[in-house]
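Each chain gets a letter, A, B and C, in the order it is written, and its residues are counted from 1.
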Amino acid sequence: MIPHDILTLYSAKMLEYGIAVLFLFLFIPFWRYVQGPAKVPAFATARSRTPVTRAAEWFLTPADRLFHRGHAWIMGGDDGLVTVGLDDFAAKLVGPFSRVSLPAVGASVGQGEQAWRLVAADGRSVDMLSPVDGTVVELNPALAASPALAERDPYGNGWLMKVRPSRLRANRINLLAGRAVHRWMEEAAAGLRGHFAPGLGALAQDGGVPVAGMARAVDPEGWDRLAAALLLTAEEDSDA
Amino acid sequence: MKLNRRTFFKMAGAAGAVALAPTTKAAAATNAEVLDAARRGVLVDTTKCIGCRACEAACAEANTLPGPAMLDDAAVFTKPRKTSTVSFTVVNQAAVATPARFVKRQCMHCVEPACASACLVRALDKTPTGPVVYHKDRCLGCRYCMVACPFDVPKYEYDSALPYVKKCTFCADRQARGEAPACTSVCPSGALTFGMRNELLDAARERLYAKDSPYVRHIFGEDEVGGTSWMYITDIPFEKLGMPAGLGSYAYSSLTQASLAAVPFVLTLWPPLLMGIYTFSKRRNEVGAHGSDAREEADHV
Amino acid sequence: MSSSTTATAAPARSWASDKLFLGLPFWEYLKSLATPGNFLAGLIMAIGVPLIAYRFIFGLGAATNLSQTNPWGIWIGFDMLSGVALAAGGYTLATSVYIFGLEKYHPVVRPAVLTGFLGYLFAVLGLMADLGRPWNLPVPIFFSWGGPSVMFEIAWCVVLYLTVLGMEFLPPVFEWLGWPKARLWAVRMTIGLTVFGVMLSTLHQSSLGGLFLMAPTKLHPLWYSPFIPAYFFISSIAAGLSMVIVESALSHRAFESRIDHKTDINGIALGLARGASIVLFAYFFVKLQGVADGGRWALLATPYGYWFLVEMLGFILLPSMLFAYGARHSHVTLVRWTAAWTVLGIIVNRLNVSVIAMNWNVPDRYFPSVMEVMVSITLVTIGVSTFRWIVNRMPVLNELPEYRDSASH
């Protein structure tokens, strides 16, 4: 070791301790930033042409949310509000949106009732059901500028709105959590596969990525009816 | 055990040996002193050097090297020279106008040489009597010794397809025969004194601290980089002699000791640490899989 | 280089055709080699290999700009130091997957181990070009041991680690050869090899930095620190993670026909980026500590100080932030470019320590000769070509179906 004189050491050591403490203070927020809420979609390349043949693991279902059968989710916050969004299945089903028509701030929403509309580039639209009862308190400002966020990052920056729930405990009975979500998602994907299979020949046993705009890939003419059926907002269907 | 003469002598001998054998501490001290006492060195008194370069010529002859260039030409001193693969020692003129001072440069044969500590095959090897010798057959030519040496002494035969490191050998073979190094034996002015390092230090101090002595009161090489065999005294500032500045008194081998001391710790601690993490993560993955299976059962019901 | 077999009239393909020539008959295989990439590689090697011979015939002085003042050049700074640092993906990924159990990264562990193995192999070959007497390589292993030398420890570690990496790569080799029993034996060693490999990597990654401890008067004080070994070790982790991100991105494009398309390569890149950002963040502060410890603040206002700040801010802190941002917002492209930048930053750091900030205060400075640069490029080219040869034949980027569900590694 190169020897230091004691007088330099006094200030050098205090500085070193200072830098170490500074690092520790900075490390905690940095770690949390890096881990981040945004989780990686199972398959980010949404433009592949291979059809879906494997199910649930292709749609992301974060563990900290509750899901509604209409493919929307809620996540509780500390302030008594819940954040509401659409899930990965709905995002991939409908594909890139040109607009998301959300209810106005202050409007009431009901669980199982039509709440917002996804408008695609070709002008067709699909409605989605609200997962909770309550009052809309805030809309995601980023969506006005960039509706694609809801499709790209449905669980993170693509959240739709914040709602003050009026009957959360009752609503939760109708919401799915944990492993039940996986089962439900598998059934949804199986239902989707049923639409794919007739139109295609022999498929590879493995491989395949969910296509953005899966509904359109299956049925270009009537995809909005297909999507509405899967999202439980078709005309004949009444709410859950 | 029968107490006959043989057993008596045995016991007496054993007791005597125990009594005479020094304690561990004392033994260590004696060991260091023994080492110190064996060291040879050279005292270079630059006030006496006349710049005749007989030392260069003798070195070339003893090592079968081409003779020094410009032997009778004073213009050789206009620029300081460095040693090379074909000249193991050079005499330079100090950067002062008057008086004319000359300094002989060569390998310092450090007490704790950086080059020997750096050499991974002990091609450069320190001998107990002082010379740092080169075993050329071991050398890989990695040139780490050149990076390590604070005096930039080792020179490499870059132009050869079978290159070696070249430097002053302190005439280790002549010393083994009981002779002095070639350079010190031809010095006409007494600038070079070969002898036991301890005694040379004493002699140097006598000169330095004599009344009205002109010398700078520092023996270069007494402590620099842990001490060197070749030591210098002078009456002008040492930087003017061209000696490198900023060399601490720590031996270079101490610089890597902490790093190397960690090796046995890593070898001992890493396996249990890593296997512990492995076991923990394996168990956690298994529990995760089983736990989810259990919950799946519950969902079915 | 996709393997397309035309319907063969002959019964079974020969072993050589199947294993070596991508299932093609020999002449077809040779014809298939005529691609632009191969032409470029061939051109480089046609120039470089004779240069290597020239260096050995006429000596280092004829081929390099090395001098008595500058004994180490880019063959040490780039081929050896940077090569070993960038090959650290082998041990970092093996640890992540096999020790920490992060199965998510399983798809990239084999290419990482292969990159590691080839990286070390070619670092050693670069070293052999640099050594004056490379035929004496067995001496520090078998004959004469310079224990106090850091270089000695490195020599042993590298020899042992090359063996470990080679053995870690045996499972895909045996799968390629179709020897399931041998493969099973090789797979069982994986944990032990990984632990051993991490140990060796810790030692020699740090010791490569430790070499420079012996040059306190020659290395610029901002880079010289008693903590250089820690710097080298920590930065090797970031280097390995970044290199895996870059290599997997290139491989997935270059070998598209071979990869398993189910692999979430983007998710893997983002996960690795998360790790790299944390490591770089810590590395920045560790280096900052070194400056404080030496009391070197005033030096930051010198030309070398500015260059040091460029390294610290541009090549360490900036990529740390970019990785963090990219990982958080799932910007895979940003992550990949940041990884490439980090790889460059590691090379810059290793060159700084060995060549640029070394002998900074001496008039006789070193600059690589054209031949040195060409030889380095040649060695890298041979390494990349070897990587391609292996990946095109062995199950590195994909899994063979018969082994998919076995106790796999």
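The criterion applied here is as follows: a contact is a pair of C-beta atoms (placed from the backbone, for glycine too) under 8 Å apart; a residue touches a chain by one contact, two chains touch by 3 or more.
For clarity, every value in this text was computed on a predicted model and none was experimentally measured.
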Message: Ranking chain pairs by how many C-beta pairs touch, which one is first?
response: B-C
- request: Give the label of the chain whose average Cα location is farthest from that of chain A.
  value: B
Task: Please report how many Å separate the Cα centroid of chain A from that of chain B, as a whole number.
output: 68
- prompt: Cα centroid separation between chain A and chain C, in whole Å?
  reply: 38
Query: In angstrom, rounded to a whole number, how far apart do the mean CA points of chain B and chain C lie?
result: 35
Task: Would you give the residues of chain A that are in contact with at least 2 other chains, written as numbers and ranges?
output: 1-2
Task: Mark out which residues of chain B touch at least two other chains, giving numbers and ranges.
output: 248, 255, 258
Query: Which positions in chain C touch two or more other chains at once?
result: 216, 226
- prompt: Which chain B residues qualify as touching chain C in the complex?
  reply: 82, 84, 114, 116-123, 135, 138-144, 146-148, 150, 152, 155-164, 244, 246-248, 252-253, 255-256, 258-260, 262-263, 266-267, 270-271, 274-275, 277-278, 281-282, 284-285
Contacting residues of chain A [partner chain C, same complex]: 1-2, 4, 8, 11-12, 15-16, 19-20, 22-23, 26-27, 30-31, 33-36, 38, 40-45, 48, 50, 54, 152-153, 156-157, 206-209
- request: Within their complex, state which residues of chain C touch chain B.
  value: 56-62, 64, 66-69, 71-72, 95, 98-101, 103, 130-134, 136-137, 139-140, 143-146, 148-155, 191, 194-195, 198-199, 202-203, 206-207, 210-218, 226, 229
- line: Within the complex, chain A is touched by chain C residues 216, 226, 260-262, 264, 266-267, 270-271, 274, 277-278, 281-282, 285, 288-289, 292-295, 323-324, 327-330, 332
